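Each chain carries a letter (A, B, C and D) given by its place in the written order, and its residues are counted from 1.
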Amino acid sequence: MSLQLGWPDYMVIRDENRCIKCEVCAKQCANEVHKLDSDYDKMMADESKCVNCHRCVALCPTRALKIKVNDLEFKPNANWTGSAIKEIYKQASSGGVLLSGMGNTKPYPVYWDKMLINASQVTNPSIDPLREPMETSVLLGRKPEKLEFDKDGKLKTKMPPQVKLDVPVMFSAMSFGSISKNAHEALARAATDLNIMYNTGEGGLAKEFYQYGPNTIVQIASGRFGVHPEYLNAGAMLEIKIGQGAKPGIGGHLPGEKVGEAVSKARMIPRGSDAISPAPHHDIYSIEDLRQLIYSLKEATNYTKPVSVKIAAVHNSPAIASGIARAGADIIAIDGFRGGTGAAPSRVRDNVGIPIELALAAVDQRLREESIRNDVSLVVGGSIRNSADIVKAIALGADACYIASSALIAVGCHMCQNCYTGKCNWGIATQRDDLVKRLNPDIAYERLMNLITAWKHEIEELLGGMGINAIESLRGNRLMLRGIGLNQKELDILGIQHAGE
Amino acid sequence: MNYVIIGNSAAAVGCIEGLRKNDTKASITVISDEVHHVYSRPLISYYLAGTVTHENMVYRKADFYEKMNVKTMLGSKATAIDAKKKAVTLENGETVGYDKLLIATGSSAFVPPIDGLDKQNNVFTFLKYDSALDIEKLIDKDAKVVIVGAGLIGLKAAEGLAPVSGSVHVVEMADRVLPMILDEQGAAPVQAKMQENGVTFHLGITAQKVVDKDRVEKVVLKDGTEIACDVLVMAVGVRPNVAEAMAAGVKANRGILVDENMRTNVDDIYAAGDVTEAVDVTTGEHKIMALWPNAYLQGRAAAYDMCSAEHDFDGVFPMNAVGFFGLPIITAGVQDGEDMQVLSTGENGESKRFIVKDDILVGMILVGDVDRAGIYTYLMSEKIPLSTLTKKLTDDDFGLMAFEEEQRNERLSS
Amino acid sequence: MKKVYADEKWCLGCGLCNVYCRTCHSETNDIVKAHNFEEPRPKSRLHVETGEKVNFALQCRHCDDPKCVTACITGAMQKDPDTGLVTNDTDRCVGCWTCVLACPFGAIVRDEDAGKVAAKCDLCVKSGEPECVKHCPNNALKFEDRE
Amino acid sequence: MKKEGEIRIPSGCAISGILNKNGERINGEDIITSIELMRDRSNGLGGGFAAYGIYPQYEDLYALHIFYDDLVSKASTEDFLNRHFEIETAGKIPTRKKKGIDGEPLIWRYFVLPRRFKLHESELKESEYVARCVFRINGHYEGAYVFSSGKNMGAFKGVGYPEDIGRFFMLETYEAYLWTSHGRFPTNTPGWWGGAHPFTLLNWSVVHNGEISSYDANRRFVEMYGYDCTLQTDTEVITYIFDLLLRKHKLGLKQAVEIMATPFWREIALMSEEDQKKFEAIRAVYSSALINGPFSIILGFEGGMLALNDRIKLRPLVAAEKGDTLYVASEEAAIRVICSEPERVWSPRGGEPIIGLVEGRR
């Protein structure tokens, strides 16, 4: 079909006075947007291929390039917006489901930005983290109801396995396959040196990554790719992935092009074959089935590693979370609907699930009402963008946060949302050798270290400001939060008062 | 230890610098019939063309001898060597004793027998700074220059004199320029380039006689062509200056025979530079390789051997970089022989010609595009089998990428 | 001595090193002017070799026993005994290209525009790190002392 | 303006405690003198005392001290009391008129025991039964507030300077082996008698100087275990944490301290492997019972007292000893004013407890 009803989404704007025809843009664009025209000795652009990933912009040594959203518009219509119309064009031309990468783009409320953090003034001294100890470590795992000591004060209770994080942040599940080996390596190395955890995602684990075991969460998802006893015992924590915030109720699909030799080995599937994760686990059709899987995994790992169950934040999350806690999970991970993904149907991504803030507040409250909040750890993810989001999440009741998009942005992701094409110009969401090498894990590692170290400092500052010197004293400390511009229902669900109250 | 060097050019400097690397105290004496501070012989044509100043003619800075603690006896010709007494006799009768002696006397121009060519004061060779200074006095915008010989020296003389004189005619017995190093394909663009710049060639012919009174006024070729002449440059060839050495019992063919450490057959007598016949490491044959870089390396190799110092001297082979009016030419190794395979490429007056024997690169001629030629030189000196390379020699982007990964990375990390 | 080392594993062949090398060796020290306006056009002293799987940027290795120095007919090419830096005195260089012939890395660049002289990496350390290293977007060039 | 319990009110304070380790009883004059010296640490909006050993004649009965806003609330509360307790005796707590003390509620005292069948029916331990009844009254009977519920001990508190409160309650007429007291400096309060310190539950009493920044984390933690933080005060939540740890989880005082002012990770790192494991377990299980922010507290209980600072000592706390008497106070002067030549005076480090136990008692 040659009839194209739409037009390129972006415009490539080149300052001819600044362009030095070094061709860096051409060499760096996997979408082949830029080209040196030798007849006219000028750089030319095919804008229809541009995905606005900014690789060319970032590398252009003279800042001669700008990518702008194409400002060509339809007749103004608040209902039939340009994107609504263009999506119809696309589907009418392709007959396919609209795909997208990364997180929800719709303007739903971001509750993090509607909560404000408290600080001490006069009655209670703020603490200077540069001068006083400031503790950001947390322990994830199941907690017994109480501890027993003998008469000499020695501990009698046998503790279930715990995982200690120096900062309440973990790199959440991103499979080797959806992201490149170099990205994976950077995450693993940074997690190790930060003493936090990274998550294998559902892609299994290449042997060379076993060395990062103490800081690895091995994930078991519905496709069971790369799952075997050695894998289960390779990490320090296990995670059953039930759902993902970006696509609740949907399985995964790694296209065969991304299944090269290394990915094929790690996943234990033939090279070039599509890796399709079913929507549900076909051995979990109910909560009691989950219990069986949790205990199977505990048996397989000799009760030495905590088991997490990850769900997408959906309407009924509090009850589901309660069930998970009672089914024996040690950690409940909840992923909000702004969370990222390598590929999701756009309609699902943009319309299914609920914001993590509300899910977190509701789950924490529900578990407290059932007096089981202290039994389990609660980890939340789904668009944690900065240290303040983390502080707010913990004040709402989380033990720790999962970050993925932030980590990828730290190593270069520009949120073009085209991960599913496998042509990630930043070497992150790709398996193409020439693109993969663009992400030097040494650099990526350092940037991740920097990011989390910076966040740690900020968390310490915010804690100190609140007069708190251990992060556990912030957990569930909702008095430290006030809402801004929220209605009473939202305040009630978040369990916070409005600013000024 | 007392080192004596006869000669004061590249080989001498190589020897001095080599000695001083290993021995800061020993006495070093340089004896030369030339009066000049060590200068760069190949720059003579540049000097005449006015592109290099007198100050820049020096090969090493003015304080070189002082810094190197070298005793110089410049303007003193060594007339005899007594290998038994280990002494050199100078023209003035003085003798200089040595423990180790380097003969680096270079070569002299060979002047063929031409009728009437005798003792005229406007006939020059083009080997020494003194001749350049003499020529300079006779050159003006109307001066007519005739050069006999279109070898390297002849053409460099032509290049140097063309811009500052009225006319330059070059007479060459062979049918092309640079017959010793270029084939026809390589020679044509050189000739063209020189003609563009005002040089007239008379090829495949010899000068039969000169017409003179007290100076040469005309050169008459075999076919009777007469060429008016104010300055005549004789550049048909050179001869190593071996006489004094041979008299002392040093063995020589055309040049002094030396081994890989520049030793002659006589104990404690070494020879280096244009005066020698050394081993061409690409062929294993002894030959004269009268080229500046080789002279330096040989002088230095001799020094290391004199001091019994470790030295990873790879030996030398013919290699040369020249250029005429901006057209660069690089040659190395052999140009022909048995069982040779020739690979060539090129267009628009640029050409590359590689001579391969048994999977090893043994020679090349690059005209015009000489970039990265050293990589080929490296292939030759290291005798790297071409079949291990991932690219063809004639590929446009031939480079270190052609090497296998391990070798390449070793090179990159050196 | 500290030298620039290329790591072909991470080189993207983007050529930014060339851009910054050229700029650093320009009169104006301005990228745009150096590339678009300056006459003669400044030369980069690097060779970026690109292949299907690997790329690398190569510049003068500042060898211990530099063949370019021993080959130089004018004495323009010298290795500084203290710093180890191999530099070419462009006032004395006549552009005979013997160094080009001698350098086993092919690292010497002919600068025909700037008066026919050999151009080579001088490690431009005035700003701490050579420009190519500083601007390599993927750490494929390292300025290190590996001896 | 919202009253205590409807809003959280930060405050600064003075505290003081006197314990005779032999169980010898002294009257209330000394503790009043001690707290009076620190008058400028209070602002007249709250003061109070806890005294142990004051009701030897009713040693086995729960002494409920209750504030009533009015007779209506008294009537309904007494109805509740009658249904749940055998009331041995009841009456107004004796007071005297005191300048600066006004607006006092009705202040009643009941010596009670749980009704047998009710207790049996509840299947609770006696103490838990009593505690729940207290929560019930405080949470659901408007205008009534039980401010003391232990045996052979009692709290006396109100709005005013502490020394005035002490004299208002005629504490010189009581004899106790342990006295604690509190002068309050709330930054914003309508002055509600129930909001004054000490806060008590059963035999626990807590006086506290500070404003704990972990409040809501602590509150939401204890509320999982049946506590109802109606007052939203630090002392209330601290008391409940003590009650949870000491009474419900049966931990020792030392462990309670190790939980509430737990060592820093960097200190734990230097400990023996066994202790590292212990503290890792403590910080895992009881992380929400860590009291964070500035505080110095005195926990009074039947068997003695425990004084404790926050981990980085953001509030003052001084201790002294003379003979069998242990003194703790916010300021050294407040000790010296009643004990001119102490044998030993020291300032405990942050997180380091001072524990004084009475011979022969728990």
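Annotations for the structure displayed:
One rule holds in what follows: a residue touches a chain if its C-beta (ideal position, glycine included) is under 8 Å from a C-beta of that chain, and two chains touch if they have at least 3 such contacts.
For clarity, every value in this text was computed on a predicted model and none was experimentally measured.
Think of each touching pair as a link: the shortest run of links from subunit A to subunit B has 2 of them. Chain pair with the larger contact count among A-C and B-C is B-C, by C-beta pairs in contact. With centres taken as mean Cα positions, subunit C sits 43 Å from subunit A. Separating the CA-averaged centres of subunit B and subunit C is a span of 28 Å. Centroids of subunit A and subunit D (each the mean of its C-alpha atoms) stand 46 Å apart.
Between subunit C and subunit D the centroid-to-centroid distance comes to 79 Å (mean Cα coordinates, whole Å). Of all possible chain pairs, those that touch are A-C, A-D, B-C. Taken in their complex, subunit B has these residues touching subunit C: 10, 14, 40, 42-43, 46, 51-52, 56, 58-61, 292-293, 296-297, 300, 312, 319-323, 326, 328, 330, 332, 370-375, 377-378, 381, 397, 399-401, 405, 408-409, 411-414. Chain contact summary for the complex, subunit C toward subunit A: residues 9-10, 12-16, 18-20, 31-32, 35-36, 53, 135, 137-140. Those residues of subunit D whose C-beta lies close enough to touch subunit A in the complex are 8, 10-12, 187, 210-211, 213-218, 220-221, 223-225, 248-252, 254-255, 262, 264-266, 274, 277-278, 280-288, 290, 292-294, 311-312, 314. Within the complex formed with subunit D, the residues of subunit A that make contact are 120, 122-125, 127, 132-133, 135, 137-139, 141, 143-144, 146-149, 153-155, 157, 159, 162, 164, 368, 371, 373-374, 397, 466-470, 472-480. Contact residues on subunit C toward subunit B in their complex (touch as defined above): 5-8, 47, 49-51, 54, 56, 58, 61, 63, 65, 67, 70-75, 91-92, 94-110, 112, 116, 146.
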